Each structure stands twice: as C-alpha cells, then as structure tokens.
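Letters A, B, C and D name the chains as they come in the text, with residue numbers starting at 1 for each one.
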Amino acid sequence: MIPELHVGWVLFAGAIGLIAIGVGGLLMSRDLFRVVLALAITEAGANLLLVLSGYRFDAIAPIVTNEVGGVMVDPVPQAMVLTAIVIGVGVQALALGLVLRIYRAYGSIDVAEVRRRMDDDIAAEAGLPLPSGREKPAVHS
Amino acid sequence: MRKAAALLFTLGLLFLLSVMFLRFELGQAPMRIGKDILAAAPEQVGAANIVTSVVLGYRGLDTLGEIAILFTAATATGLILSGLGGGQRRDPEGGFILRHGADLVFPFLMLVGMYIVVHGHLTPGGGFQGGVVLAAAFFLPLLARPSRAVSHSALGWIEGLAGASFIVIGLWALTLDQAFMTPWLHQGVLGELFSAGTLPLLYLALGLKVGAELASLLAHLAEVEASE
Amino acid sequence: MNAIVLPVVLPLLAAFLLPSLARIWSSAARVLGPVLMLVSLCVLWTTWGEHPTPFVVALGGFQPPMGIAFHVDSVAMLFAFLVAGGALLMWPAWTDDDTMPRLAALTLLLVAAATGLALSGDLFNVYVFYELLSVASFGLVSARRTGAAFAAGFRYLVISGFGSVLALLGIALIYLRTGTLNIAHLGQLAPESLADPFGLAAFALLLLGFGVKAELFPVNTWVPEVYAGSSARVAGLLAGVVSKLAVLVVVRMLVVVFPHDETRMLLLILGVVGVLSGELAAWSAKDMRRMLAFSSIGQLGMIFIAFSIPGEAGWVAGLALVLHHLVVKSGLFLIADRWGGALQSLTGAARVSPFTAGLFVLFALSLIGVPPLPGFWAKLQLVIGLVENGNGVYLGALLVFLAATVIEANYLFRLAVAMYAEGASSTVTAPSGGNRIGAAIFAAVLVAAVFLLNPLSEAIDDLAVVGNDATGYMDSLAGGAR
Amino acid sequence: MSVLDQLLVFAFMTGAVASFIGDRRFAGTLLAILYFGQFLLLVKLAPLGYGAQPVVSAWQPALFGEVLVWRMDALGWYFALITVVAGWLVTWYASGEWGQGYRERGGNLGLMHTAVAANVVAMLLLLSSGNLLSLFVGWELVSWAGFLLMVMNGRESGGVSGPAGLRYITYATLGAMALLAALAIAHHASGSFEYIDLIDAVDQMTGPTRVSLVIAFALAFTIKMGLLPFHLWQAPAYAYSPGPGGAFLGAISSRVGLWGLAMVFGSLIGIGRIAGIELIPGWFDLRDVFMWVAALTIVLPTFTALRQNDARLLLAWHGIGQGGYMLLGLAAGDALGTGGGLMHVLNHASYQAPLFLAVFAVMHRTGTSDLNRLGGLVARMPLTFLVMLIGIIGLAGLPPMNGFVSKYLVYISLLRQGEPLLFILAVIGTLGTVLSVFKLLHNTFLGQLRVEHMEVREAPWSMLIPMLLMASVVVVTGTAPGLVLDWVASAQAALGLPVLDHTLGGAAGLDMLWVSGVLVYGFAVGTLLFLSGNKSRRVHQFDNYAGGHFLTAENQYQYSDQFYAGLMHHIGGWYRASFTWAESVVIASVDAMSAAANGFFRRTQAVFLLLLATLGSVAWLLWGVGS
C-alpha cells in the first residue's frame, strides 16, 4: 500500500498545487489575459481534485467488456469532471471575448488601468466628476 | 508588499487545502452511489460505457445544463463581439499545402468525430470528445482560408436544432407519462451499436451541438482577431 | 407532476432555437420569451395546486440518489414562480435591434438556470445550473457593449469564476466524505460523515462559492460596477431575483446538511458585515444605481442574518425579507432606468415625473420599514427572531440592523427630499413607459400586500414550516436512500 | 363598532376628504366641520376623562401571529382631545384668507390639509394603541405624517424645510429603531406584545434586560420630545412647516414622546423600578438622569431661543424647553409632579398654538417673521396682540394663566422631594422664557410702527376666532384648573400613578379662582384709576423725540437688534454649538466608515478579499470552533 499511498499523495498535492498556482496567478497578474489563464489553471486543479475523489489504482475504467474485470472506478466523478471541464471551456471563451472587447475599448489590458478607465466611464455616464480627475474619458467604440 | 501578501495568502491556501485533502487516500472514498450505479447501470441503461450511462442517464440533466452553458457562452460571446468592425480580414490566405491539406483532412476529421460520437456509449469518448473533433474539422478550413466567411446562420441552425432535439427526446418521455429524459427506446443488447435506448441519439445531438457551438465560438473570436 | 420540468426545459429549448427563429420571424422571437414565462407560471400554478405536499421527480426515471432528482416543495415552487414572474415584468429584450435574439436567448437561459436552482435536489446539478446562471448573467451584463460594461462583466466573471472553483472544491470534499450528491441523501449522511470541522469547511467553501451571486460579503465586490454598467432591467433582475435563488441554495444546504451553530454563526457574521458595509457605502454613493446596488448588498445581508436564525422564525423572517426585497428593489431598478445617474441631477426630478418620484418614495418607505407597508412586517419578523434567540451575537446583529436602518432612512430620504426640492430643475427625463408600468406593477403588488397581509402571513408561515423541515426534505427521498 | 372605531373611521374619512378636495376654496371650512365632528365623538368618549373603563376597538387584525389592538384610556383620551382640538382650530385658521394667501404664494394647500389630517389620524391611532405593536405602528405613522408636514413647505421656506425635515426623519428613525429594540426586548421577556404581559414580566427581568428596556424606550420617546441631547432637529423642523401645520406640530405632536414616557413611568415599568436602578449606589439613579436631562432641557434650549431673531424659530426653541417641565414633573413621580407634567401638555398646546398662529398672522399681513423688521403692530393688530399677550404670559408661567398652575405643581413637587437644584434650574428656565417672550412681544407689537407697515390691517376673523378660542382656553383653565385636573387625575389613575387631590381652583394649596380674582380686582382698580385720571393724549409716533432728536421714519427709537447683548455676552453660544459639534462628529465618523466601506468595494484586486475570506472562515471552522 505504501507506493499507492505515495502516488495518491503526489496526485493530490499536484491538484492542490495547481490550485495554488492559479490563485497566485489571479492575485499577482496585472494582465487580464494572464488572469484568464490563471483562472483556467485554478479550474484545472479543482477538476483534478474532483476526479481524484473517485479514483482508485486497483480498479479499471468503468466500461463493461466481455473480459472479466476487477473493481471499477467510480464513474460519477468522471462524469462530473467532464461537465466541469466543458463549463470551464465556455467560461474561458467568454472571458477571452471580454478581454478582446476591453482591449478594443481601452487599448489596455492592465488591471489597474482598466479599473481606472471603468470607474471614469461609469462616473461619466452617471454625470459625476471623474475619479481619476481627467476632463473626460477618451473616446472608445 | 502586495506581492508578498499575495504570496503569503496563496501559501495559506495551499496549507489549508493540504490539511483538508491530504488526509484522504486514493480509493478510500465511500463510493456510495458509485457502487450502486456500477451495479445497476448495465441493466438500467444498457450502455457498455458506464460513464456514458452516468453522463446521459443518471446525470443527464447536468449534461443538458452543460450544453446550455456552452450555448450561453457562444451566444454571449457573439453578443459582445457583434458590432465590432466590418469583418475585414487581413490574415493572409494559407499556403497551398495548408489549404489542400485541410481539404484532405476534413473528411477524415468528420469521420473520426462522428465515430467517436456514435460509439460514445460503448467506448471511451462520446458527444463532447467527438464534438470537439468535429469543431476542429470545421475550424481547419477557416484557418486555411481566412477570407471565407463562416455561415453563422447555418451553424446557428445546427446548434439550435441539435439542442432542441436533445430536449425533445427528453421531453418525449413526458408523453409516455415518464419523467423528463427517461430513455424510451428499446435497450437492445449490451455492447452493440444500436443499444442503450435513446442514449446514442442523445449523444449524436450532443456531438453536433458541441461541434457547432465550439465552431461558432472559435469563428467569432477569429473574426475579431482578423478585424484587428 | 412530471410537467414540473417544463419551466426549466422549455426556456432552454426556446433559447436554443431563438437566434435562428429570429432570422426568419423576428416578431415571434420577440414575444416568445414572455409567452413562455406565462406558460411557466401556468405550469407552476397548476402543479402547486395539484401537489401541495413535497414530491420528488426522478429525472430519467433513475431513483435518487443515483440519478438527479428535482425536489419540489412549496418553497421551491415559490422561488420558481418568482423567477418567471420577475423575468416577465423585467423582460430585458424588448429592443428591436440586432441584439434582441441573443439578449432574449440569454434571458431565457438565465430563467431556466434560476428555476433549476430552485427545483434541483442534487448538489452537482445545482452547481451546473449555478454556472449556467453565471454565464448567462455575464452575457447580459456586458450586453450594453460599453467599455465599462465589459470591464465590469470581466471583473464579475473572475470573481464568480474563483467562487465556482471554491464551490467545486467544496463539492469534491463532500463527495470524498460521503460518496453521494443528492442533497436529501447528504442530509441523511451528514450527522456521521460531515459533522466535523472538515465538513463545516466544505460548507464554508460552498457558501463563499455560491455566495457570489447572493451578494454575500465579501464576495460581492462586483456588485456596484455591474449594476452601474448593465442596463437597469438586467440589474433589477440580478439584484431582485437571481440573488435570491443563490440564497435559497445556500440556505437549503444549511438547513438540510449543515444545521450547526458554527455554520449559522458564519452566515450571521458575514450577513452583519454585509449589512454594515452595504448601507455605509450606500450612504456616500453619488449616483442612484450604485446607491441601489449598495443598498441591495445591505438588504441581502439582512436576509442572511434572517436565515441564520435557527428554526422556523428564521425562515419566516428570511422569506418575508426575500419577497419584500424582490418587489421593492426590482421596482427601484426599473425607476433607475433613466434616473440612475448622479443624485445631484435628480434634484427637482419630481417635477419631471411626479408619478415616478411618488413610486420612489413608496419603495423607499417600504425599504426602511415604515408600517403598514410590507417592509415593516418583514423587518419585524427579523427583529423578533433575533431577539427570541437571545444569544449575544444575535443581539449584536440586531443593533447593527437597527443602526443600518437609520442610515438607510437618511440616504434614501436625502434623495427623496432632493427630488421634491423647490425651484430646482432636473435634467433627467421620465423613465420610459414600459419601465414606469413595470415599476407601477411592483408598487401595486406592494400596496396590495398591505391589504393581503393576513393571508400572506399565513402563507409565509406555511412555507417556513416546509422550508425548515429538514427531515421532511430527507424523507421525501422515499425508498431510494439508504 | 365602538365609539373609538367611529372616531377612527371618522378621522380617516376626514383625511380622505382632505386628500380629494383639499385644494378647493370651501375645503378648509368643510374640514373644520369634520374636525368638529371628531371633537364631538371625543366628547362622547368624555366619561374616560372621569374614570370610565377604557374603550376597545372592535377591529383587531392578526398578522404573523401578532394582534394589533386599539384601546383608548383616560390618558389617550386626554391627549386625543388636545390633538383634535388643535387640528380643528388650525384648520379653521387655514380655511379662509390664510389658505388663499398660501395658495397664491404657490403653496399646496390641499397637501397641507391632507398632512394635518394625516397627523391627526396617526396621533389618534397612536394614542389609542392597545399593545406595543399598535404603538409602534402609530408611532411610525406619527413620525412620517409629521415629516410630510415639515418638508412640504419648500417654496415658502426657501428650501430650508427639506434639510430640516431630513434631519428630523433621521432622528425619528433612530427613535423608531430604539422603540423597535424595546419591542424586541419586551417580546423576548414576555412572549407577546401585550402591555399586560410586559407589566407582568418586568419583575422577572434580569437587571441588564430591564435597564436596556428602559433605555430603549427612553431613547425613542426623548428623541421625539426633542430632549437633550437629541433636540437639534426640532426647532427648524417645526418653524419651517406651513403655519397652521407648524402650530399643530408645536402644540401637540412632539408630546407623544411624553405620552410614551408617561406609560413607561406609570404602567409599563414604573417610576419606582426606574428609581431602583442605581447608577452610583445611594446617590444617583436612573430617575435622576431623567430629571437632570429634563432640567437641562428647560434651560439650554430656552436660552438658545433667546438668541433667535426669527419669531418662528424663537417659539420653536421654546417648545423644546417646555417639554423639559413636563418630563421633570413626570419623573418626580408623585401626584403633584406627574399631575403638573401632564397638565402642562394641555397648557403648552393651548398657548403654543395661538402664539404660532399669531406669528403667522403677522407674517400673513406683513410678509415677515424677522423680529428686526417688525414693531409697533399693536396699533394695527390689537386682537392679535391680545392673543400673543395671553400666550406669552402663559408660556412664561405667570398667573393667572394656565402655564402658571402646571409649573407651580412641578415646583412644589420638586421642593417637597428635596431637589432644590432642579428647582433652581427650572426657575432659571422660566427666567429665560420671560426674557425671550418679551423680546417676541416687544419686537413684534411694541415700539415704533415701521413705515412699510402703516397700512397693515388686523388679521381676518377666520384667523382670529381660532386664535381667540385657544387664548380663552389659556385663561379659563388658568382660572379654573380643576377642569383639566379632573382629566389629569383620571389619566394618573389609568397609569397607576398616585392621583392628584384637587379642587376646581387647583391643588396643593393653590386656588386660582382666588388668585385670578385678586388679579382682576387689581387690574380693575388700576383701570379705574387710569380712566379717572384721563391724562392720556394720543399723538403720532413721529410727534416725539428721543435722545434729543426728533424722530423720523429712518430714525428709530426702538432698538431690536442685539437684544440682551449683555446677557448674551456672558452666556455665549457654547451650549448649542457644542451639540451641533457632537452631531457633526457623528456625521463625520459615519462618513469615514462609509469611505472605508467604499474603499472595500473599490479594490482593484477583488479576488484577494475572496481568498482572505475563504482562508479566514475555513480556518475558523477547522480550528476555531471545531476543536
């Protein structure tokens, strides 16, 4: 059991490490595209953790064949992870679309700059003085 | 300073997650419904691939939700990217090899994709995996010939009808006084192509939908890129 | 009984076909959504009438806990009803430009997801619907296609995405411990497998993950920008309706699976901080939309405080606050359609549209909780519930709540007084006819509720019994569980 | 349907009529008749004032398992009588020329009538509330109806009424929330909102619970009364209401706070128990806090009033100080004190309302209430002068007016209880009152008539009659205080307080019949002497000289600016400024907290907080509570 335990530990640690890397990326990235990537890494870690929650080494893939099989892996986490992955894909595609549009609107994908421009835009639309102190927001599409 | 704090908190998360998850050993999970499903799936659903039984049978609604999410993402991306530029493509045409290679590979990709889709209930694979291959088949010509406009209308009809047929197959059960998504075709023999009731039909719809969805997502993004 | 899936599935079906349908018959596509909402309302109404007691629909015919089940009780149906009704009144896709089909499709998806959240009895299925809800709302939020809308939508997406990861981790942890996903089944297993610090930590992860939509402190930093950047109707839909569904999910988990003092305390503390931060931030807001956004954070905080009270008292208070906030905040956001800008510009706005200003005052009065408006009765339930509990922390929450109400009265009526200021001429124009009618309908509901308080209070009492009945929830899983 | 129901329904109908036809020409008259109908119904309830059992409303809606009960007892009836009469007379006042003038100045007369009617309904609902829940409902209705009356005068007040009303409603909400807290504590202790259950439960309460209950009630009621340190809102809010509305508010509206305190001191908790809560054992208890607050409220706002140059503000500041006398008497707790305090409510209403109305009559004719721009109007508006004269004598608490009687009772009570310091403070307050009301009378009516007011006419009868009626109440109840003391005694009995032993002429050895008789006799003698001398000659006001100069229209011998400059120099303005300072500190701290909350939402790195929260809550659940 010892080697199995060891491998399991490595797998779990890998999943958790992915999450930590992703979260670190989320926190430290100043670039929106990197934020999307960090989010993707975090999701990957979470998905890995999810699929690990039903995995076992001594078992086979849950497909009924004519051969005599042993114990099968829990199929439910596999199905869940399939769903979670596809969800992640959808979210990431949308995020990329948004990054594209932000870049088109503001000419920058720097977190702080985008934040500042957004505040300005919201204030300008509401008819308030701009938080950044500029006269009026730059023209954008 | 901020980076240091970020690092610190990331390490904190690492620590907490380790505390929470490293206590578990692989294979020690109780597998309550997992065992039940493994035992019951071959009779109840009749699909050799039990993951497919779960994806389309036991957890079919999740799958419907998931294609809805893909559809939503595609629609939302289409919404936010529409009205951008005139779609003036400036990407150069692909070279001879790329163009003809793409033409050559296209039918094979289609074939592989469809194969994976329709055998989803028997072997590893299924609507998602096959759908992605199908999307690749559609996307390849796009890369080779950036000037050719994608027919969003056609893609829209495919994804709409495919999604609708998934739901309609599910709803048909209601007319038989069954719950939504109850398989209503004959189960057939385990392991054969035409088995597992409505599952292959669902996977077919799913595959088409996923393929069309991804293709339209990619096309939308590619168009913006091109109009850069 | 099986027809209860229709309010979830039909909007999906329509959404899939709508963009294509709009190409060939756009006027049909425009009315399709609202018509479907009416159909959903009818289906829910008849089902509610036929099945007053909770029942389970095993989707795909697979017995729960193996398959996904809809757990349908009166609370779930009430929330589903609110979703359809709210979406009907605040339908954001009446435009006739090229965005209409996609907007309508996204709204339908949002509605389907929200209804699914209300009905679903499976944890992972809830997660899927929650994600669907998120993605649809990202799209709707960014639909105005301004830079601010995109940036706000992206921020929302990142926070929400991280929240989803947390929720997924929570689900993984729970599945590791129990090996099941059905909420009722989880409830049965919880005393032996989840009633330790690690199970509670899983709840914290779920709470923070799903709390993003519920505007829970501190995962609500997206709220002000998103409501300021999106259209008034979308903001109203998100603040009024969608947030409540996320609350329902969290509270279901709390009541059925994690009914512990610690989890309630967590909810209470986050709710208290939410009330404080929201109302304080609203106090110095300079524009109406963000004022409403902050105020809704505060109100959601109150709802969390209410649900953290053990027993039926908490449910009575929580449900009353939920219903009240839904009506009032939706109405206010409809008013904010054209009046959402700088508060300064609203000085003298009562002259521009006395009707709208009157509605604002009515909503504000109810929000503060002036009797005999329904807001008062909702808040009274909260106060009684808090003090009945007797515990010191709950009394602290009561004090915070009372202080927050004073702040709320000040900033709402600062605006109301300015609206009626003499001699000033406002630059704003009256909200569009549709929005005025919508707001008037919400106001009419509010006023009608004053006269129907007695039956309403009885109905809420009944709903609270059902909502708080964790064993009833678990027992409805007859036969399938072990 | 009991008489109480009839009264409430009738009051509602009055409000409905006001809201539908309030801006018509005849509306004021019609409404005045309707108020008179309410008055008649109250007369029908008059046995309450002489010890009859409370009248219960048949309508008892149950909501969320709680019942709303309305029940009128002697105390409520006494207050309701003042309310309805005040509403009646101010509406009468507004029914004629004043209302027309108000409309011509751009005011919304219909709204004003509606607001006054709403105030009356709300007051009646509150005063007849039969349990804590209906008390709270009535309380909030009174607050918001008052708010409506205060903020509706934006045009005439030059936009000042809005901020004043906002300040009021913020304070009022604070009070309402305190009341809600009190309700919650009571519900927790007794399991219901019924008075009876609360009274039973008070004895079983733990010390902290009882203290917090008293504090919550006190906070709610003192804020409404405008007692220190929550008095800042009252004067501007009342002063800038439309005339009759301001008179109504100043006369009775804030007295519901006293009504509430009377219930707390009397039946609900009992002044004895409050005195039993010792803050510094053996030396200072909670009742002393009330008494000192009351005494300071008498003194400080009164001297603030002294500094006012706007007649409306001067009167409104006075109204605050008068509340102090009432509370002082009530907190004294014995038959004399509580009797004096309760009687002072009616007395105060009876002179505060005509004073306000007189000021507004002057404003109606001259267009100003600035005390530096008036003077000499006695020659032009003698009846208005008479009303104000009676009013200020009452306000100053001099015989033979009713204000003297109630203050006398309070003084005697204080002396008998051995509270000389409080007595001295009360007397100092009276001194300040005398000084400032003299300023009011002098600057308005005495001295030299200004050129621009040469053509001013007496106020019309539609305004004079209500004022004179009220003024006559001041004289009549001053001469025969027993009329009122009967009702006060019944109210005391209903509250379970010691009952005042009284005669028609007064109590505690005071016989106003005799005092008035002597005064009348003295005046008669003086008048006879004056007439018999017949040495007076009427001259034009410029046919005179002062300081060696002949007088012209530009050259005035009457000074009104810097009144009491010497006194002002000594006492300064520190007390009022200190409270405004305290208020601004509160606002600034809320501002700071608000900025902090905003900063939280404006963080660029949103995920950071999310992560922080996750770590915090998970760690808390893992180690904080689990182990």
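We adopt the following convention: a residue touches a chain if its C-beta (ideal position, glycine included) is under 8 Å from a C-beta of that chain, and two chains touch if they have at least 3 such contacts.
These figures come from a predicted structure and were not determined experimentally.
**Student:** Measuring centre to centre, with centres taken as mean CA positions, what chain is farthest from chain A?
**Tutor:** The chain farthest from chain A, judged by C-alpha centres, is D.
**Student:** So which chain ends up in the middle if you average the CA atoms?
**Tutor:** C
**Student:** Go ahead and note the Å separation of the Cα centroids belonging to chain A and chain B.
**Tutor:** For chain A versus chain B, the centre distance works out to 18 Å.
**Student:** Taking each chain's centre as the mean of its CA atoms, how far is chain C from chain D in angstrom?
**Tutor:** 44
**Student:** What's the distance between the Cα centroids of chain A and chain C, rounded to whole Å?
**Tutor:** So the centre of chain A lies 25 Å away from the centre of chain C.
**Student:** Between chain B and chain D, tell me the centre distance in angstrom, where each centre is the average of that chain's C-alpha atoms.
**Tutor:** 74
**Student:** Please output the residue numbers of chain B that touch at least 2 other chains, ranges allowed.
**Tutor:** Those would be 6, 9-10, 13, 16-17, 20-21, 24, 29, 31, 33-34, 37, 58-59, 62, 65-66, 69, 72-73, 76-77, 80.
**Student:** Please list all residues of chain C that touch 2 or more other chains.
**Tutor:** In chain C, the residues touching two or more other chains are 124, 128, 131, 135, 138-139, 142, 145, 150, 153, 155, 158, 162, 169, 172, 175-176, 179, 181, 198, 201.
**Student:** What residues in chain D touch two or more of the other chains?
**Tutor:** Counting only residues that touch two or more other chains, chain D contributes 605, 607-608, 611-612, 614, 618, 622.
**Student:** Spell out the part of chain A that touches chain B in their complex, as residue ranges.
**Tutor:** Touch list, chain A to chain B: 4-5, 7-9, 11-13, 15-17, 19-20, 23-24, 27-28, 49, 52-59, 61-66, 72, 74-80, 82-83, 86-87, 89-91, 93-94, 96-98, 100-101, 104, 141.
**Student:** Considering the complex alone, what residue numbers of chain A touch chain D?
**Tutor:** It comes out as residues 23, 26-27, 111-112, 115, 119.
**Student:** For chain D, which residues are in contact with chain B within the complex?
**Tutor:** 605, 608, 611-612, 614-615, 618-619, 622
**Student:** Can you check the complex and tell me which residues of chain C touch chain B?
**Tutor:** Answer in residue numbers: 2-3, 5, 9, 12-13, 15-21, 23, 57-62, 65-68, 98-99, 102-103, 105-106, 109, 112-113, 116, 120, 124-125, 128-129, 131-132, 135-136, 138-140, 142-143, 145, 150, 153, 169, 172-173, 175-182, 185, 189, 193, 198, 201, 482.
**Student:** Looking at the complex, which residues from chain B come into contact with chain C?
**Tutor:** These residues of chain B touch chain C: 16-17, 20-21, 23-24, 29-34, 36-37, 40, 44, 57-62, 64-66, 68-69, 71-73, 75-80, 82-83, 153, 156-157, 159-161, 163-164, 167-168, 170-171, 173-174, 177-183.
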